[in-house]
Amino acid sequence: MNQNKNQIRRAAFLTLALAGACLAGCQGNPAVNAPPLTAQQAAQPVKGNITVWSWNIAAKALQDIAPSFERAHPGTRVNVDLTGAQMQTRFMLSLAADVGAPDVSQLQITDAPHYMATGKLADLTAVAAKYQSDFPASRWAECVMNGHVYAIPWDLGPVAIFYKRNIFTEYHIDPSTIHTWADYIAAGKKIVALSHGKTKMLALGVSGLADMFEIFLQQTHGQVFDDAGRIAIDSPQARKALELIREIHNAGITLDINAYGQEWMAGFNDSTLATYPGAVWLGGIIKDSHSKFEGNSTRWGVFRLPAIERGGVHVANLGGSVLVIPKQCANKAAAWAFVKYALCTKQGQLMQYEKESLYPSFLPALKSKVMDKPDPFFGDQPVGRLFARDVQKIWRINRTANWAEAESYIQQDLSQWAAAGMPHDHLLKTLAVSLHQRLDVPMAPASELSQAAPEVQQ
Amino acid sequence: MNKAQKPNVMALRLATYIMLTLLAVVFVFPFYWLFTASFKTQAQIFVTPPHWIPSHLMWSNYTDLFQQTNILRAFFNSVVTSAGSVLLSLFLCSLGGFAFAKYPLAPGNNRMFAFVLGTMLIPGAVTLIPTFEILVHIHWINTYWALIVPGAVGAFGIFWMRQYMGANLPDDLLAAARIDGCSEFGIYWRIAVPIAQPALAALGIMNLIGSWNNLMWAFIVLRTPSMYTLPLVIYLMQGEMSTPWGMLMAGGVFTVLPLVIAFLLFQKQFVAGITAGAVKQ
Amino acid sequence: MNTSSIPGGNQAGGSRINWQALWKYRHFYLFVSPFFILFAIFGLYPLLFSLFLSFTKWDGITAIHWAGLYNFRLMLHDELLWRSLWNTLVIGVLYIPPMLILAFLFAQILNSQWLKLKSLYRAAFFLPAVTPMVVIAVVFSLIFSSERGVLNYVLLMLNHVLPFFHFKPIHWLDSEQWSKVSVAILVVWRWTGYNMVLMLAGLQAIPIDYYEAAQLDGANAWQSMRHVTWPLLQPVFRFCLLLSLLGTLYMFDEVFVLTNGGPGTSSTNFGLYLFNLSFTDFKFGYASCVAYSVAIVVFGLSLGINRLNRRNSEGA
């Protein structure tokens, strides 16, 4: 009797549990790829919930503009999801499985081509092509693949030199006299000599080499991949970039610590480092975290990126993000309306700039008077304007689907080059071959690479 | 001679006790730290010197946890997927183990069983990607099935049940049941399953630990917050820049507690379950 | 399935499929079929598909490209693969000896007759093995915090007791030298109890007569451990070692949550490397190739070790 009861209970439990699992399991329905977005659809009033994946201050910036977007589009609700761990991996998994991707997602500009190549992002050409002239040409090109627009540029990362006014004053250096990298090195030598080696000009650890290389490659108008996607790194431009890095390294003005590490951050507030070459967003990091480290209060300023030679370009770009809409998004019209509001309107871009210092790549926003505002943190310098200069001259780097991967190999090999004092040619040759092997991409013929760089596209 | 040694032996035992207790404290400390941190503010968690004992029990981390995150839903998801995989696996493994143990004359029994054992050599790392692809194609990504079905019948479970049933299920009993007109499934369900309960408990607990704690597969196949299990929610609470540590700790307590309670109640079965793994050598 | 049918072969029973026997034992086939069906779908097919993928380039999304032996050549140049294998080895060397020694010690002590509160001690050591790794790794990242972690605090406190050591705060998680050590500490903490329980089971299986016999022969505690316990525990020990080695290779949660392989790639073990290759880079072809190759090498090695072991024990 007792045993019988036990059996019934067991059987009931099992059935119940399996039934429960069945019911609950059926919830996750397979996503169907909604049809592409058309201009007519985009013109209709939109409503519904939009989920956005983003991180850090970028996410905060979207939260800042969400209320005004919701006011302008009654019936919409923007939900910015900040849970950041492994966001880009989870996004790719959702793209691969056609389920679970947000309606709008942030991607880093360097990663974006990889996602665009999957064919799982919505083609925005029909609605977004008209904004092409509103963005720096180089940045827009990075959002286009095979003639289709898959992403909209968000923030831009123009590079300049953040310097400490108190140190420059102490050693009588006028930043306005630094035009070229040679001037910069000379100033550095002076600071190192006068401070008896206590203060170095910049940090140049192994992990910072790739950034430096990318800056110089843009200034020399070099490429990693040519327009046809072939490997083009073994070029006179890249050689010049390496020469410059080694020149800076050998001048004795660098401190061998890694960018974004604890020591590097601690340098914000002491006198170990005089300058930090970096993109505009580095300013935000300095503002946010300098007070966390001990030391006397540093007075900061910014001067423009030195050119390779007098009259050369004073701009380069590091980083920045884009917003994309996955194909599986069910409410593309609303998602696009939000992206358009956030990135293709002066109002949206400037609000993000003013509240979270997210530097716009939308040209009309860069022309605004807001950019002329003096920044008290930088000694009342109108920093926004400084970074906006010549953004149209930023050199277009050909980012292919395996850009992020190539970047990691370049970084690895650069650190070996620096550590072993390898000749430039040797590095570039081995790098070209190893990129060819590891990415399975053909190499551009040497004859094409030895030619002088083409003129800057205006 | 024995008496002369006694003080020495006592000293040695005392030293052993002290050492063992110290090490036990070290081993339990992370649990204590988790538990106390769940009652601290962010600042209190990171203060030096550390607050060994929280000044007062602050419940706001727990209220935040239940208000700001979908932790109850995650708990439900964890319960459903764990229960589902444990029950399904127990059912199928015991059925298979029963068959292998009690139909020795069935043609191919030995060879098929050897094959089952052979499948244990296949590392999961090799089958991970294709399994993901299969689930994508049958639209099981982001469903409970993805966590329950692929690992439902382990070769080890079958082996374990076969050994147990082979040793503890008298053939006479089965023969008698057959004479009484009991069906083959009835023999399994009414006779084999009740007798194999200790083995089922051990196997079930082993599976429970595995599925309750599963992070990697959950990370891969669960795509929306409404489907997340507890480990995944805990993992994703760590932001790129800012992590709500207090709330994270409260979530950790919530995740660990069911297993710790189960462990303290059923320590014997847990140990048996873990030891089960050692039999296969 | 059970016999090979040779056409026109001899009439001796068993050379033809015995349908009658198959029908008689239909329940057997029915009962074992779930395993074989599920294995076919989630074991055999993936195994073959993965083998095929090893010769292709595929991101899991766009079309599959046949790549021939490209992936295999790539492995030779893949520094990260070799580094992750090296890291795996280092982490293994760092944690396996202390873990197995501790586990053996605990098991030995817990097996003593005189010990009181056995289940309490056992619970304390064993509890880590049943808790979700993700939670524990998060707690450890607090404990390991270089600025404000408890571990560094205790280390600095030790300076008052042991002034000659001059302990400095250790960057447990954000220095390349220490990240592997941190992972090793976490693993020791997590898996010692598990191994202890296995060894305890092994110890309890040793008949008490053996010890009594050894005692009669005048063996002291050390000698009976050396000559009775140790040889008889060898199989368990070997099993623990094998599990740990494979565990280190395919370990994932511990590294994923605690360091995510960093800083740099200093704590990336093979398991995390393979995961990143598969689900961060989405190189399904190459990842399959690496997974297959390593699995085959590991299989070959363990076969070799097994044979060596057998020869040794036969020779002894």
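We call the chains A, B and C, going by the order they appear; numbering starts again at 1 in every chain.
Throughout what follows, a residue touches a chain if its C-beta (ideal position, glycine included) is under 8 Å from a C-beta of that chain, and two chains touch if they have at least 3 such contacts.
Computed from a predicted model, the values in this text were never measured in an experiment.
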{"item": "Distance-maximising chain from chain B - centres being C-alpha averages", "value": "A"}
{"item": "Which of B-C and A-C has more C-beta contact pairs", "value": "B-C"}
{"item": "Distance from chain C to chain A - Cα centre to Cα centre, in angstrom", "value": "39"}
{"item": "Centroid distance [mean C-alpha coordinates] between chain C and chain B, Å", "value": "16"}
{"item": "In chain C, residues with contacts to at least two other chains", "value": "60, 279"}
{"item": "Numbers and ranges of chain A residues touching at least 2 other chains", "value": "93, 96"}
{"item": "Multi-chain contact residues (two or more partners), chain B", "value": "132, 220, 235, 238"}
{"item": "Chain C-facing residues of chain A, complex", "value": "88-89, 92-93, 95-96, 117-120, 207, 261-262, 405, 412, 434, 437-438, 440"}
{"item": "Parts of chain C lying in touch with chain B, wherever the complex brings them together", "value": "1-3, 18, 21-22, 25, 27-29, 31-32, 34-36, 38-39, 41-43, 45-47, 49-50, 53, 60, 102, 106, 109, 114-115, 119-136, 138-140, 142-143, 145, 147-148, 150, 153, 189, 192-194, 197-198, 201-202, 235-236, 238-239, 246, 250, 252-253, 256-257, 271, 274-275, 278-279, 284, 287-288, 291-292, 294-295, 298-299"}
{"item": "Touch list for chain B against partner chain C, complex", "value": "13, 16, 20, 23-24, 27-28, 30-31, 33-34, 37, 45-50, 92, 95-96, 98-100, 103, 105-109, 111-112, 116, 119, 121-134, 149-153, 155, 158, 184-185, 188, 209, 212-213, 215-216, 220, 230-231, 234-235, 238, 245, 248-249, 252, 255-256, 259-260, 263-264, 267, 270-271, 274-275, 277-278, 281"}
{"item": "Touching residues (chain side chain A, partner chain B) in the complex", "value": "3, 6-7, 10-11, 13-14, 17-18, 20-21, 24-30, 55-56, 82-87, 90, 93-94, 96-101"}
{"item": "Residues of chain B defined as touching chain A within the complex", "value": "77, 80-81, 83-84, 87-88, 91, 132, 135-136, 139-145, 148, 189-190, 193-194, 219-221, 223-224, 226-227, 235-241"}
